[in-house]
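Letters A, B, C and D mark the chains in the order given here, with residues in each chain numbered from 1 onward.
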């Protein structure tokens, strides 16, 4: 049995759903999931489908080219088709905070994450023992003003060598440059420790404390050139009171960051996220 | 323009989605919403579709009979098709608590609810002034052990005369009998003041206080013969602490009850709920 | 029996709690509630006490002057003492949105709010029928650029005549001027339809939609000269998805606004809020 | 500087707060935290105090005996006094699930938990590598029907030898017997994977799925002889829909279990929990 996931978007127009579902039926597929969304402001149609094919002769490659020929041009679609056989490859970038790292590796180890982690990159060596204890290759690539360019080239080399599909910044404390962002557009996931767009930038818990908010949050988003302004994948919040000092906000925030980042990683790895107009469509 | 909503369920099998979407395309319809669900344990397929038809000759009646002929028998479907022209008619049953009543009538008055409220029935007269101030006919039908049967006949007469589609028990403090339940299966919505299945029956806030829970809830469900055991439509919860006395739980609970009941009413009125195996499928 | 509530703050120093509790014991009082907070950054001590006095000779006035003489000067306290006999008087300012109005008046009518509402002021007449149905005097004071000053004088006259303690802006769509703010510092409660500090100013739901947030919120705060920047009393949030259009955010937001504003009103009316350094201490 | 935490409860009566705060002042202490609660149904007074003493001559032992002499007998208090120098010792009991273990040890390693973990006990060897990677002694004590008594004696021996203060069952899949419960009353913390009192006993996620709830939860409570009926320390919930299969509930539930158990552990270790009448008072 082959299982594929199809993600498409195009100008909204009559007959897309019927054409696509019909095409899958003609190819012997059984649709096991379909969901669609129309952005009525922009008049854009989005769809996510999962389909199973039981014929032995099925080939994902042939299906893709036939799909392209018969549907993509007709409707002017942007499209992606994934075979469920291939697990996405995720690179982890970290610095000195360990809570998101422990959380993601714990889940990875338990088989909760449908992905592979070929390696971890860090600009510090502090967390190497954790990577070691999970038996994941760890590369120390220090970053200073002078070496930033060189460091990024080393990163890119590793990413390409391992055919990495997406990058997760698990509290990586460096600004990622345009070179990386352009190569991995909507494929670099960051966790920011505030409910964006409140408290953009550094030290959001300090700002939240100063403003006296009663709720703090965390936001996972794709990295774009503008700081903390990329498409939001997932957010969560928790209540705080006047009794919480900054260190308490930081401690409570860690729990949010872990859960929010893990959820964003799962959504991305399961191909449930589409991006349009700096916003995400999250299929269930 | 005509807009219809289709709800179907049947044994899961190949080709349902393609057949239905194709049928709509052939009839000149444009699908604006499609969502489906498969209960893998029971092997049942569920789908909700909204479609627009722009041809002048379109008739819902003809579409229904053609749908039945071409699809219903082929796939063994249970089906419902609604025209968006017809707003569902809702009867409100109340007793002495006014918070859900104020909330629902406030929303109704603001145009938030896509339904009509032909009348309100109460076994007490306390809340008549509220009904009056919203200019909704109010029928006082007292219920005692001796008159229960007679009272229910009066209720049924009113429900039938006004062609009521569904009934909302807005903290109605009487057990509804089988006669009504059988006639309005999955069409009587109750609000229970606990997170079911915890604290079934009377005085759930007292039980919650006694048990020392840190979270209380409210549950809206369809009424079935077994008390508080019907299909759950919506639930919500809020935190409580040891400082909350029973009266505080009741006050906090009122806010939950209002919101949860209103959400359930909206889901039902917008035909977003399907029931199977004593559980609900809630389409977005 | 007399019951009083004491709120104090002063520089943190040794012996405050012992001195105050001892003073109350010497005056024959029984403390039924005590909570304190120390702002360690600013080194300020805050305390809230409730005490009962059973002696017939007890006089709040005498207690106050003795409290002042024995404790206020010694510790350099800012202080407020309330007798539970006097319910605070709240003025409601509204415009055209009715959801917070219905909600507050519904609660008022049910006896849930420990306050009096001597009148409602609006710059429009649309909601007069609601005020009438709840039998609360309604004053129409239109506001235009030309008449703003005159309108505010009329408002002040009414506020003073009725000895209003605090003002609630229940989606009142006018900027309140310095004259009113200075006279009622930390006594004007506003509801803003976003999780501040995100989306300050007009049309926050439109901004939230554009940014693609996954959570929207509402914030109740005291009005200060800087727009939407006053001390936050209460906040709440709810989840949204890409499927929610702006009108859906507005509808979901209404439920937040009602609950958040009502909670802020209750906290203020029950003298559970202290303000310092543009932040609130909220006692339980 | 010495810092102590005092927890007391007794029949509610006049003058307790003044007497205790006065006693501390007389002993040269500065109260930095005070909170109290009165159970009005049972007429019981509860208080938690933190106090700092700067005199060199201060001795916790002398303070305790003086406290006992002057206050305990007078008011009929139950009392506990802790010096902040002594970190509580926690024993971890585990079986095969690793998510709570990873979470607690990650926090422990980061210094988030104010406690010591002298050892881990498991009835299986599966998770030994995790204990090893965190360098915590691991004892494998298998439990079968035949060896249950003997196993428990080994456990007790280890607990006593290491002067363990409290036990955490981090998804330990064995029923703890009366012998242990009586020795560690209100000192054994369990995590149950439902919002108690709903779904007591085995397989709560399966029951939640079957009932079709829209919210699932987790509950941390002290272990008592009656299964899942002990005093609740902390609860949390998350939303689910009809799209979630049992395995999805289990995965979402794991995140709840981790956070809820960690919060309960922190509350207990920081001496913020009092138990009375099978309920908890949780001080902030």
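As a working rule, a residue touches a chain if its C-beta (ideal position, glycine included) is under 8 Å from a C-beta of that chain, and two chains touch if they have at least 3 such contacts.
This one's a predicted model, so the numbers in the text were calculated from it and none came from an experiment.
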item	value
Chain at maximum distance from chain C, centres defined as averaged CA atoms	A
Pair sharing more residue contacts (C-beta pairs) when A-C is set against B-C	A-C
Intercentroid distance (Cα basis), chain C paired with chain B, Å	37
Centroid spacing, where centroids are CA-atom means, of chain A and chain C in whole angstrom	42
Multi-partner residues of chain B (each touching 2 or more other chains)	241, 243, 284
Chain D - residues contacting chain A, complex	98-99, 102-103, 106-107, 109-110, 112, 133, 241, 243, 251, 254-255, 259, 262, 284
For the chain A and chain C complex, residues of the former touching the latter	37, 40, 195-199, 211-215, 217, 231-237, 241-243, 245, 278-282
Partner chain C, residues of chain D touching it in the complex	14-15, 17-19, 21-22, 24-25, 30-36, 38, 239, 284
